[in-house]
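In what comes next, subunit A is part of two complexes: it sits with subunit B in the first one and with subunit C in the second one.
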Partner chain A sequence: MTAQPPDEPRDERTPVTVLTGFLGSGKTTLLNRILTEQHGLRVAVIENEFGEVGVDDALVLDAKEEIFEMNNGCICCTVRGDLIRILGALMRRRETFDHILIETTGLADPAPVAQTFFMDDEIAAQLRLDAIVTLVDAAHVLQHLDEVKPEGVENEAVEQIAFADRIVLNKIDLVDETTIAEVTARIRAINSGVQIIPAQHAAVDLPRVLDVGAFDLERVLADDPAFLTETEHQHDTTVTSVGIDLTGELDEKRLNRWLGTLLRTKGVDIFRSKGILALAGAPRQYVFQGVHMLLDGEFGRDWREGEERRNRLVFIGRNLDRDALERGFADCLATAGAAA
Partner chain B sequence: MPLGARPGPSPQLRELRRTIRRLLGLDDDTAVVVRQLACTEPGCPPLETVIAVLPMNGRARRWTLHTTAEEITEDDLRAALLAPPPEGA
Partner chain C sequence: MSITAPDAGLATAWDTTVDDAPVALSARHGLLAVAGASGMVWVLDAATGAGIDTFELPGGALSVALAPDARHAAATGPTGYALWRREDSRTTVRDTGAWSSAAVWANHERVAIASGRRAHVLTPDGDERWATEPAASTVTDLAWLRQGRRLAIAAYGAVRCHERHTPKPVATYPYIGSHLALAVAPTGRWICSGNQDASIHIWRTRDASELTMSGYPGKVSRLAFDDTGFWLAADGAPDVTVWDFSGKGPAGTAPRSLRCHQNVTALAWRPGGDGHLASGGHDGTVAVWPATAGRPGSRLSPARTLDGDAAVASLAWAGPELLVAAYRDGSVRAHQLPSGTTL
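The block that comes next holds the complex of A and B.
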């Protein structure tokens, strides 16, 4: 489970895991494992596809996917109205469970679920989004990824992989090694830093998917520091990851202007963003996470004596312009000359 | 706060929510969300405040006030919330 630094106060908020994946990917099997294995957690489940899970002492709530726009026409600010209601009610009985698991429908866009936790500060004060876990059917995901959608219609399989913090690559017993390698490469081309957990019958060590702290600001980029250097693109895909690793201190005003403009103008296409930044004059690291246009950030640990001031950030999204992102970010360095 | 990040729960936002609940006579089961958002429309002020009211049973409603949350007064709320029709959801 998530390690807690000894000098940090323990985060008492209830963790929330979002479980996504196509129909047939094994979500219900994993859910059943979570509800029946002896892990000592009392899990409240919010489901959209009610019916298959039947565990006597589990708190299972039915939800009707209700997309609610917080402002007109911007997908960046859509939330799940049903979740706001249900989570509000659950918060009044927090003592009856230790963990919340939200299972989405096979065709769901994970963004409104994640944005619900960024939008409502009452929810964010009591519940913490722990991770988005996506189940992938190794035998069928390639055909889902290759499915050509009509103009303006999202490929949900791509979105679910792009948003994921953990991918359970399920049903590997049904495919050969070559297919596993190809599926892994396709997943990495979309979301280069995601942890991929191979599985049969959705059998995964639950600590690898529950209470992993993927949205903890202190753990931003901690899972796989090497992913930022991974720039290989074997596939022509419009949804990709761009990692930036730049040494130096940032001018806060320029950074705010650049990032604010970027998210305002490209927020629809930037699914997720996260980073650890060195702001000029700040003794502590600045860490942030974002979903589309919504950001959550705070100062993290102190920079250590003699530690190189290094900025690391990653964007996952559609039609990302790597050169423009790198240039724009480099212009935010305090040493970058005249401000734009 | 760098990057315009969510400032987190504040006594002021709590008070805004309390006032909204009182003005609309909402029960405890009704969720009230107050959020400042960057406005993307031309001519808008940089920040707007969105208020959403989601009853457990019934239609969700939403209002947008073109000002920051800290500048909203009870009179502003009264004028916005009690003047039909609200924006639909």
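The block that comes next holds the complex of A and C.
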């Protein structure tokens, strides 16, 4: 008798949910729901405005947004110094937490928050970014999305939608069907695969936003059939998604070179990237996800007997060149190498 | 023929448990302070481990520092700080709402406390004497220079030095990045910061000339000079690195490396300047090293090792013969060294 290794090794790290969304989108309401609902989880909350929430059972900590650049001057390596500090202190406490929630300010850039989980080893070893959940106010989001920003300044509403793994489309009771359809189309134009959860008063089924494993690609693809769905661009938007679905096995060297160059040169514009890949000679799926230039990958489950070796990946970002991405990726196929 | 096993453990002088996860130790003048993450501080007799007093900083603790004469202590935490007086066990709590990373005593009459983006210099009973202007971010560490006449503070983007009663810095040592730890050589010749970008940044105080030691696998959050100011120990790698700062300094040299732990969680030089260093790891190991032996670049072996049941939270020397280790599970253990100078 032989012991079978589990198909997917269990990640013991504490999941962290990042809540983003504009002021008035319902972040605090959702936070209060999470804290008061009987889920039996021990939750620690890091919020940006102290005293908004407060529940006996939860530890609530105050954060002051401190964005730190690294000395190499790469804007993609900005992290949130306040979070490193607070999460570090949390991990030194005796009590352990089942879940950590980070509420960001309405105008916060989600990138430094997400990058913090890649850039700090101590945090990466003990915590995992579970999902970026963005609350969208159905009644006001179009106005925020249409806001014209000065050259070089990012529209925060677009950014928060682009980074999201889950979108809670809140306050749908305040708008008509046409508006819901338009808002949904606008969200999909930016982030085509994101799961959109309609809600009133931020009332959502908590398992849909807590411990969803959105940074676990296996689950992203299983949960989100729309992951790679093409969307009609009804609006002229510079932030879009490009999904690629290609059969075949990849040459690891060429893939590394292509992806490395791509993220090094276009990483500023590529907000998120995720994928499940078939590497030539590898018995397991290769799962990766990235934020700007930072990339994290590991082998996932075994390819099943007779399963088609298929590569699925998505880029969400600004001014993406679909043709170039598709061509570049196709050149990484092992068969493309043989032909060349 | 062997006389003593090289990895022999150390006799336990005393052993106690506190009801929290310790985060910091401070040993001065016969007392030992143990700060717990949730904010309780236990003051013990360093020789016996017997409890003397406790005080509390609501909101949790990050660090604790006894005054050199041990008549006072300062504890700092995520929402403020507390000052304790031994004489009548009076505790003054300042619930500032600001992150207080560290407290450092200039002498038994003045303590500098990091509070948000400023450092405040207080009397032992908490009267403010002066404060620095805000730094670019929350202050991460503090150190006194020139016998307590100059205060160095580390924050984002720079280490800044303030003279007494001058809110504006008299000297700024810029380096773009998040400075996590600060160490100043007792000779006053060097200012070093450990950084989030996995480097140690060094300034020679005389002419502010700079040096960067990069290439660490992880962030450098612990730095310590020995009593002579010739040796700097740092984490940031599985190995503790020990740099030679004698003469012209460490430029162009290789550090000695000390491998024992999976992740370094504590560093403490033995008082006396014999080059003996204690280090602790996340795996619960404690090692005592002849950290300056051998040649530059060599990998050293520990003189003593101890195995604990939980991660080492902090180490402190209560004199050259007594090494105290606090573990994450709440145990605090004092180990006796055979003499004040040998390992």
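Criterion: the second predicted complex is superposed on the first by the 314 of 340 C-alpha atoms of A that agree within 3 Å, B and C clash if a C-alpha of one lies under 4 Å from a C-alpha of the other, contacts with A are read in each partner's own complex, and residues count from 1 in each chain.
Going forward, contacts are C-beta pairs under 8 Å (C-beta built on N, C-alpha and C of every residue); 3 or more make two chains touch, one makes a residue touch a chain.
Source: prediction; values computed, not measured.
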Query raised in the report: In the superposed model on subunit A, is it clash or fit for subunit B and subunit C?
Result: clash
Query raised in the report: Touching A:Asp176, do we find subunit B (first), subunit C (second), both, or neither?
Result: neither
Query raised in the report: A:Ala89 contacts which: subunit B (first), subunit C (second), both, neither?
Result: both
Query raised in the report: Given the touch rule stated above, what does A:Asp205 touch, subunit B (first), subunit C (second), both, or neither?
Result: neither
Requested in this report: For A:Asp62, decide between first (touching subunit B), second (touching subunit C), both and neither.
Outcome: second
**Report entry** subunit A: partner with more touched residues, subunit B or subunit C
**Finding:** B
Requested in this report: Kindly classify A:Gly81 by the partners it touches after superposition: subunit B alone (first), subunit C alone (second), both, or neither?
Outcome: both
Query raised in the report: Which partner does A:Tyr286 contact after superposing on A: first (subunit B), second (subunit C), both, neither?
Result: first
Report task. Figure out whether A:Leu294 sits in contact with subunit B (first) or subunit C (second), or with both, or with neither. Result -> first
Query raised in the report: Touching A:Glu122 in the superposition: subunit B (first), subunit C (second), both, neither?
Result: both
Requested in this report: Determine, for the stretches 45-53, 117-125, 189-197 or 279-287 of subunit C, which one clashes with subunit B when the structures are superposed.
Outcome: 189-197
Report summary line: subunit A contact set shared between subunit B and subunit C covers 66, 68-72, 79, 81, 84-85, 89, 92, 119-122
Report summary line: So, in the complex, the side of subunit C touching subunit A is made of residues 20-21, 23, 36-38, 60, 62, 78-79, 97, 99, 101, 137-138, 140, 156, 175-178, 195-197, 199, 217-219, 313, 328, 330
Query raised in the report: Can you list the residues on subunit A that touch subunit C in the complex?
Result: 50, 61-62, 64, 66, 68-73, 79, 81-82, 84-86, 89, 92-94, 119-122
Query - In the complex with subunit B, residue positions of subunit A that touch it - result: 66, 68-72, 74, 77, 79, 81, 84-85, 88-89, 92, 118-122, 124-125, 252, 255-256, 259-260, 263-264, 279, 286, 288, 293-298
Report summary line: Interface with subunit A, subunit B side, in the complex: residues 1-6, 8-9, 13, 17, 28-29, 31, 33, 35, 37-40, 48, 50, 52, 54-56, 60, 62, 64, 87, 89
